[in-house]
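So that you can tell them apart, the chains are marked A, B, C and D in the order they are listed, and the count of residues begins at 1 in each.
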């Protein structure tokens, strides 16, 4: 293709996005668009899968059967989200195995939030309320993103996530209304998960160089700081409603901007975790890699069995 | 050696034993004597090592720090007994590794009692009281056995075992004097460990063909049934003293023999466990074999390191 | 209260509780995303059934017991699940073998339980059997895949079947409560299922190119509350929150 | 009560409690009989020390607490042991690396604690240091054996050291209680031990032909009661009996 041709394709492509048309896997797309989407979508898929671990940690110890069932269902949903997202990413010409390899080698990232430990039952509430709450804010924006399979996956996922978020809030509410021990447990979880949740929106706008490009492709519709502000404004009243205190002495209502001012995130901690040195980065990767390695013989068996069945069918047909 | 010479050696050997002299590793001994001792002593050593497992199962869950410390010390003692006994057996010309291989391959046996699970804390009491109690009865007899290293190991071991036995009885006593739940726990443990403890003395005399030979070598000084009777007569009053009931409806005092009559052992169960099909036979062997296999690289490292150190010394000396 | 009915309910429900707990341990650690999700789903089904049984048991008991205290506040010796379901997740072969050996029994059992004179039980059975028919299909399919897959998978699943076979006989043992409930037309006469069970199991194993173990000795004890040493560790986790924070709502 | 002293005691004792518990899990499963016995012995020593500290803490608290309720009835967030000691028994390399990294600290700490103005603490330190000097010797010897043993053992112990290194910095963090007790001449100023610690560790690693990790990021949280996810499982077992059967004597 001549440069002129490419340029014209690119222009048409950008115009389609501008018109809010969806890009589908078979459509022409710039190589950078494809790569960026593979990176972001697989990262999103990996986050779902790694995100199963902190909550999975409480399945065996859930305090009631009702909560155990709900938690199992939630973690299973996350596995399901991982499945959609891997499938959606595969439409861009990468296999699930390749994506796993990137995860296991550390080449691909996943959401840093899952590198924090779930240390008490109240963390299961906090994760649902805050982490899923933050995730939805990111994801709702993505329902209108330009790449069709990603946008459709997001629509489906958002519905379930908002159910999870309510469930997490309800767990926290129940604790906040419970005995003093339970209330303390809920407050403690909020204390520990608040700041990492704010970090989920990424670095500040002025340190987020890819924002402009992502905006153009509708991979982002608002900036990191805008989304973070939205999360704070949404969550603070929820905490107040159930009598919990946001662990930020600088938090206060700003009448002028009709939103909350809040304290500075510990960016050193943010970068430490992103770079692989959070409290659980190693554990999470060990768990994923050992599940993968221990499962190799199972996956191999399934492939060989399927081939044998195929052969049998062919032989019968002959 | 001529047959006549061997015969004369054998006669002198038997005479020494009859005079209660000890046979030492460097002394001449009949091959059958050597083999029988290797079998019995290694079996005894294996029993100590495998015996660490059911009690080890409660170290992490001991109900108080005092009991945890005592239990750790006891299990450690068993390891120590294993060590003496392996060393004593090695004087007969077999290595510890060879003995382990025989254990792991199933060629060598260990006491069947350790194939029962320790399911509650009260079992730790019952094991000390009943199992160690039965073991001591066997072992006291062995303090006067003819093979010197074995006899000396027994003297040393008996002292510690009787401490363990008292400790086990004391755990049971404490439970029997405790809350109704604790008392029920103690009674339940007695119910489950009583019959297996009686089985520890082996088959009935008329089904124990090696007894005569073992008597001659002082590997046995009383028959299985005599020792079993001794155990019952010693243990029944101990149970009564703390208000527990021996789970045998046929148990009653026999004025004439000045001992207790008791019910029939379930010999089918006895043979099932001996043949390797008890509740924990597989688990016990898995635990031992995996400790051994997982430890191979460690043992190898220690050997290589020792060689390197040796080389360094030699080089310095040169 | 009707003690026999209560005990009968626990005899059914405890199996699902402990198996569900074992499967829950695997969540997030499966050999593939699909198997991970499927096993979690089976765990979910089992816990759902457990809740129905325990809720009914709480009603039968008629005191301050509820589904959670029944599930989590008993001492080990009062859990009457079979030894099979508490066996560890040694590898995926053991997980599938355990599941298969239980599912086939469970399906046959629920099929009959639908005819129970106890309407609540019959209703639970009707609801559960749809789920369990999926479980049987899942585990049977994997028995075939592993048995007729690679040399390694064949060896592993055969090994797992051989090891777990010793726990199958107990599925058909009957407690006093079982016998009473059978007499009253409430319980299922499992002795009538045994032959069919081994026949069906053998057919699937044969199809999977696996050998049917020939074993004379079987383990028992679970139904009398005498478990393997694995059970204690299952319970430390299962019970932790209820024990550490008693009498609270969650 | 003297809350700072109480908390200071827990800050010392919880480390030994959790490490002792981890070592106790290994009992009967060691790579050789000798190492099995030695590690059990270290566990025993640590629990013995733990009892002295908690008995003293119970006295300081002056209420109905005793050594067992202090050891086993706290919620996870109130255990203030460092993250290092709760790390799992992944293999013998990890066990030795964890032990070595703790022992060297422990020995230096107790050496100073002997000079505490608090006589009880000084006495416990005097008694304990003999035991701990054996621990250091044992773990240092094994660091050398594994480091300068086979290629496999070298790789494994290096790997364990690299993984656990991130938990060493926390040993020298000071809580409020620590600072108060240092001011009062009761506590040990651990900040003065840090340089010597890394120097000594490095010397042993060098002798063992191992590399000293060069790491910028360290983990913390244990001293504030924020543990890794391993801790929860340690506590389910440690606490089980006290939780399930509260207020009984054993």
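Heads up, the rule we're going with is that contacts are C-beta pairs under 8 Å (C-beta built on N, C-alpha and C of every residue); 3 or more make two chains touch, one makes a residue touch a chain.
Here the structure is a predicted model, which means the values were calculated and not measured.
When chain centres are defined as mean Cα coordinates, C lies farthest from chain D. Taking each chain's centre as the average of its CA atoms, chain A and chain B sit 58 Å apart.
Our note on geometry: chain A versus chain C, Cα centroid distance of 35 Å, whole angstroms. Residues of chain A in contact with at least two other chains: 61, 181.
Among the residues of chain C, those in touch with two or more other chains are 75, 232, 236-237, 240.
Taken as a graph of touching chains, this assembly fits none of the simple shapes: it is neither a line, a ring, a star nor a complete graph. Contacting chain pairs (ordered by label): A-C, A-D, B-C, B-D, C-D.
Contact residues on chain B toward chain C in their complex (touch as defined above): 54, 57, 61, 117-120, 181, 188, 192, 272, 275, 277, 279-280, 282-283. Those residues of chain C whose C-beta lies close enough to touch chain B in the complex are 75-77, 163, 166, 216-217, 219, 221, 226-229, 231-232, 236.
Within the complex formed with chain A, the residues of chain C that make contact are 21, 24-25, 27-37, 40-41, 43-44, 47-48, 50-51, 54, 67-68, 71, 91-92, 144-146, 148-150, 152-153, 156, 237-238, 240-242, 245, 248-250.
Interface residues of chain D facing chain C in the complex, by the touch rule stated above, are 75, 232-233, 235-237, 239-240, 243-244. Remark: chain A residues 49, 52-53, 56, 59-69, 72-73, 75-76, 79-80, 82-83, 86, 121, 171, 174-175, 178-179, 181-182, 287, 290-292, 294-302, 304-305, 308 touch chain C in the complex.
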